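Step one of this worksheet: look at the structure below.
First chain written, first letter: the chains are A, B, C and D, and each begins at residue 1.
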Amino acid sequence: MNPVNYLYLSALLFTIGATGVLLRRNAIVVFMCVELMLNACNLAFVVFSRMHGNLDGQIIAFFTMVVAAAEVVVGLAIIVSLFRARHSASVDDASLMKL
Amino acid sequence: MSATAQLAAYTTSTGEAFQFWVLGTVAVIGALCTVLMRKAVHSALCLAGTMIVLAVFYLANGAYFLGVVQIVVYTGAIMMLFLFVVMLVGVTAADSLKETIQGQRWLALLCGLGFGVLLFAGIGNASLTQFAGTGRANANGNVQGLAALIFTKYVFAFEITGALLITAAVGAMVLTHRERTERAKTQRELAEQRVREGKHLPPLPAPGVYARHNAVDIPGLLPDGTPSELTVSRTLRERGQVRDVSAEALGDLKALEQRAEERLDRTRIEPPHPRRTEEASK
Amino acid sequence: MENLIALLVAAPLLGAAVLLVGGRRLDRAGHWLGTLLAAASFVIGLVLFASLLGKDAEHRTLVQHLWTWVPVESFRADVAFRLDQLSVTFVLLITGVGTLIHLYSVGYMAHDERRRRFFGYLNLFLAAMLILVLADNYLLLYVGWEGVGLASYLLIGFWQHKPSAATAAKKAFLVNRVGDIGLSIAIMLMFTTFGTFAFGPVLTSAGDASEGRLTAIALMLLLAACGKSAQVPLQSWLGDAMEGPTPVSALIHAATMVTAGVYLIVRSAAIFNGAPDAQVAVTVVGAVTLLFGAIVGCAKDDIKKALAGSTMSQIGYMVLAAGLGPIGYVFAIMHLVTHGFFKAGLFLGAGSVMHGMNDEVDMRKFGGLRKYMPVTFVTFGLGYLAIIGFPFLSGFYSKDAIIEAAFAKGGTQGWILGSVTLLGAAITAFYMTRVMLMTFFGERRWQPDADGHDPHPHESPTTMTIPMIVLAIGSVGAGFFFHLGDRFVHWLEPVTGHSEGDSPVGVSVITAATLVCLVVGVGIAWAMYGRRAVPAVAPRGSLLTRAARRDLLQDDFNHVVLVRGGEHLTRSLVYVDHTLVDGVVNGTAAGFGGMSGRLRRVQNGFVRSYAVSMFGGAALLVAATLLMRAV
Amino acid sequence: MSFPLLTATAALPALGAVATAAVPASRRSAAKWLALLVSLATLALAVVVLVRFDPDGARYQLTESHAWIKNFGVRYELGVDGIGVALLALTALLIPFVVLAGWNDADPLETGSRRWRPTQGFFALILAVEAMVIISFEATDVFLFYIFFEAMLIPMYFLIGGFGDRAHEHGEEAAATQRSYAAVKFLLYNLVGGLIMLAAVIGLYAVAGNFSLTEIAAARANGSLHMATSTERWLFLGFFFAFAVKAPLWPLHTWLPNAMQESTAPVAVLITAVVDKVGTFAMLRFCLQLFPEASRWATPVILVLALISIVYGALLAVGQRDIKRLVAYASISHFGFIILGIFAMTSQGQSGATLYMVNHGLSTAALMLVAGFLITRRGSRLIADYGGVQKVAPVLAGTFLIGGLATLSLPGLAPFVSEFLVLVGTFARYPVIGIIATFGIVLAALYTLVLYQRTMTGPVKPAVASMPDLKARELLVVGPLIVLLILLGVYPKPVTDIVNPAVKQTMSDVHRTDPKPAVEASK
């Protein structure tokens, strides 16, 4: 098997995650889909690292994880406070800009 | 190490290929379930599964440190955080999958499909045949290699991500923490306020209907049989977890009376609706 | 001596300024101030006249250059006055008759609370009229030309509370403006032809210009003259102008202003002489108006409107004479002067009658007034005899001369014009006799006025009778005086030129024919209005009579074609402006508004919608990148 | 370096505007007096400019030049020629009257309100407009001119939208709606024109490399700056469009009736007598000087449009029911005359057009301000609401009549001279157009006299029966204007002497000479 298949898998996961972001209304699930996309990227980085034979890709993946952690912390905080204010976690309800 | 030799090869070992196809399938299924599950809890669990699979793939690709971190940090910490939030927001609440924005679903699928095709085409187009493998890079140990890079080449980025993490932590606290801007009202003041507003002078009515339904999520019934929302805790009301049992309770009452009638050899009436019991026991 | 000319204009101008700006404190003495200044102007005119008489015939021209008015490159208009035989004749007529009418107005307007203003306007008129006849170039003449128009507008509409007066004033001004187009274009044509529009250079070099250009200029001048002198087709305003106080009708709409057209044509003699086609047009206009005015005059029961018709007709005589060329110019002016006397006298007499009859103007409600107003009767009668051309009175000499000149034109044209003038003389005799009989003879037909007051006919005060007497003297004697030794002809000859035509018939034959026409006219009138009693209510009359009562339907034509048509035009243009011109702009604006309204819908506020577009955009970017690599 | 007189003339009202705006809310009358004093001081400065200007001297005098934006060659360049100085004087002359006429127009409705700032704003905005208009007349740098040409819109927008007649036939709310409509329309029209001009200004820079009017014109004249024919034409059209909107020329005129109808009479005077003059002035100064060939190329079309403006404006004026709208359409007709004179390209036409700008300013100011006094008294703009005013307020009626007579160009009053010059100038080169334009004088008489007849004569309407006559302040506004109208009608030489040399220059810019008279030509 060619390791390129990892990349295809990564692309597939990324696409699924992106579609999920677009389809789901629950902010938490949307967030999870974002995490899925990040993870798909991480996989790609790791495979690149293997491809090039150095550890830079893994480093990037590592940073991505850190940033993702930070993002999740802030994001979930936002969701919680949104939920407190609106009693709903649906992204469609936060549409003050609509007509 | 045979593993490193294998990693440097153009193709992987059969074992790894087997592992890829099996676990890859699991990962894709997990991802799909994340997107498609109606309840957030299920989505979270499926995502956790996918992440674990990915951790295995990291290990298979020579990123030992990342593999472990993936399990410990991601699956262990972040996903747990998700679960906590899901608990806060309401575990049982299931999303409706009905689309409300016109054309959104089709557009989303079209974009997703198009994007996927493009990615696949891009990857297929690139001549990715040379795999150097991580053998040499991991020669002094994967963790040591990473550490050498992080604390030399990427030291600034590392420091900045540290700052970012702290900021995020503070930010999360600021966002979720609600400062009390005024003194909490005493019991007496609350009572006076109630009197002044002229509503609910007595304590709120208690939930529960008869002895069989004394759960807190079942509203008490008014004399005419309609449920009173007031009897249920506000938190439950806001989560939408009030169980409406008025019709059911009335039915039960009716059945009870009927049974009493039957006992007393009165007219026979058809049996009560069978669904009622299931619902009630839920 | 030249420096006096400006004073001539300045005196009444000062009067107008003082009286109009001075305010109420001048109410008590203002009218005397106005009269005094008019008289002063007359005296200055006499002095200048005397000084001209003292020079030999060829050098009787005084020019006073005051200041350069509009200098732009080759365009030069000066404020400069020229006093020669022609203008001094007018100056004396204007200031003389003007002074008399000022005097008359003192009595006539005695009960009007706005008398001061009236005298201010009269003075303004005098000043403008003097500018008109004294101007040394056509542009300054234009100033006077419109100035008298303004004064006429103000005076016709003097009783502004009457809507009919205000409308008549507006109409007079507007019709005059149509004529002014002619004068404007004539001046422009002169400028492009001669490079100047001062009298001297234009008239001396008129021979250098092509006949086509001269004809164009002459026709434009004729248009101007038609407007000011109430000639067909621009005559419609004169009848309505009788809405003004009677002294105004006497001064402006009989003696002076309406003759300005004749002045213009005679002054521009050099141009008309070079444009025979235009001269024919002038005579045609004159002849048509002559008959038109006379016919209208026959049918009117309003004494002032009958006189207005007469004025129109008499000016038709003058215009016709002016169109005859050098054989007629002098007689046109002579008739103008004598007409100034007797027509002013007639109007003042009519005013006197109205003064005694509670401002009644309908002749059918007069009758037998000769016993009650002897002075008025005598002066009016003398004016009447003068206008119909009773032998040895003013009209006899001046009108006869025009009839002779018309025949002297020669050829078919001469016969036609001669016959028309003879016919006109007969009709004149008819309608004037009619006026005379209906007003002063027959039984009394007075009726109480609208307020129920019975009229008590009485003679007018002295301030009113004196001017009438003076004018009556003029009507009687002026013609004979002018005729004696062809004085008038010799006086004007250096300015206008003069030539004797060759009359196909003898002078005595024409005089006899004129007298026959006169007798016929008077006879018919006496048969209709003298022998029979005049009905107090106008009979239906023949078709011609009814048409003549309505000014031969000219007004109706104007109303239908111009007023109605104009109203429709403006109304539709207002619509076009609002819907089409503005509509295009507003439509564009609405189009953009609608478009952005539709575009705004894309911004539906849903994060997921935005996410789709972002994702789509990202996909497009990836596709573009791949394509770039592929290419 | 000598005293920067031109800068001072513009800076004084600008500083005055700031000072007026800063007057405390409770001192309303102080703001009025301050504005009046500043405008009078500006007038004094303008008189100094007039005296210092030598008609036979250099083309641009009292010049000032400082580098401003070096990277783009933009300079702060001022200078006046005869045309500019005449219009500068007109502007400085009219503003005190505008201020005086608008004395009470921006007062609070309730007498008690102490926190009322719009009064200060009203007068400050008027002074701001004055400053910008003056600098537009002075600027010899195209970019500098453009900036103030556009900036003028801002204070004008607020003057139109913020201050209207107190009375309105459909109530206060409808008045506010229509006001803001008029203001937005004014702004949009002029902005579109300005944007197109901006493109042309940039284009000019791309071709010429700097913005200096004098340099470009000199370079064009001596042939060192060649422009392709099509380039020149496009640039000309860009400039001309903006000026035609401002002027306004048919069919770009529809903003003017709305703006004049909805604003107070002094502001309407400001629009038509002062601000719009910048448009016609700029045609003379920029279009003809910078693009002589293109100007000649476009002449036929522009003349026809001007002719349409004359007749169309006059006909529409006849059909109006609103006094102010009527005056607005009359102004459109008059602007047609001005543009006709400019593009007839004869000395008489252009001198006449310049004179016309001055005279139209005076005559419209007289007519419109008296109309404003009338409207304030009765509280209606509709002609039909009046009648017989002459009887109760003779002085008002008299001044109104004189204003009207000036509008219809009665000889003896100033506008006659200019109108006749324009007509003669046009006729000399284009006889047919000249003749048709002459018909405008009948229509002018029609709309003026109909207006006068319907409002002033006839039986006294009950609603006007107790109308007071003109007060001292109002007489102080109208009197001098009427005196000037008569004076300039009788003796316009001082103005023509200043204007003629500048016109001669412009004529040589466009390589045109006056047609010779036929008699002389045939010899």
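Methods note: a contact is a pair of C-beta atoms (placed from the backbone, for glycine too) under 8 Å apart; a residue touches a chain by one contact, two chains touch by 3 or more.
From a predicted model like this one, the values you see are computed outputs, not experimental measurements.
Note: the chain lying farthest from subunit A is C, by mean C-alpha position. Two chain pairs are in question, B-C and A-B; the one with more C-beta pairs in contact is A-B.
Between the Cα centres of subunit B and subunit C there is a gap of 102 Å.
Centre-to-centre spacing of subunit A and subunit B amounts to 15 Å, using the average Cα coordinate of each chain. Per-chain CA centroids place subunit C at a distance of 36 Å from subunit D.
As a whole-number value, the distance joining the C-alpha centres of subunit B and subunit D reads 72 Å.
Counting partner chains per residue, subunit C has residues 604, 606, 608, 612, 615 touching two or more of them. Annotation for subunit A: residues touching 2 or more other chains are 18, 22-23, 25, 92. Multi-chain contact residues of subunit B (touching two or more other chains) are listed as 101, 104, 107-108, 111-112, 115, 119.
All chain pairs that count as touching, in label order, are A-B, A-C, B-C, C-D. Across the interface of their complex, subunit B is touched by residues 1-9, 11-20, 22-26, 28-29, 31-33, 35-36, 39, 42-43, 46-47, 49-56, 58-59, 61-63, 65-74, 76-81, 83-84, 87, 89, 92 of subunit A. Per the touch definition, subunit C reaches subunit B in the complex via residues 604, 606, 608-609, 612, 615-616, 618-619, 622-623, 626, 629-630.
By the touch rule above, subunit B contacts subunit A in their complex via residues 7-8, 10-12, 16-17, 20-21, 24, 27-28, 31-32, 34-35, 40, 43-44, 47, 50-51, 54, 57-58, 61-63, 65-66, 69-70, 73-74, 77-78, 81-82, 85-86, 88-89, 95, 99-101, 104-105, 107-109, 111-113, 115-116, 119-120, 123, 128-138, 142, 145-146, 149-150, 154, 157-158, 161, 164-165, 167-169, 171-173, 175-176, 178, 238-239.
Of all the residues in subunit A, the ones that touch subunit C in their complex are 18, 21-23, 25, 91-92, 94-99.
Subunit B contributes residues 101, 104, 107-108, 111-112, 114-115, 118-119, 121-122, 125 to its touches with subunit C in the complex.
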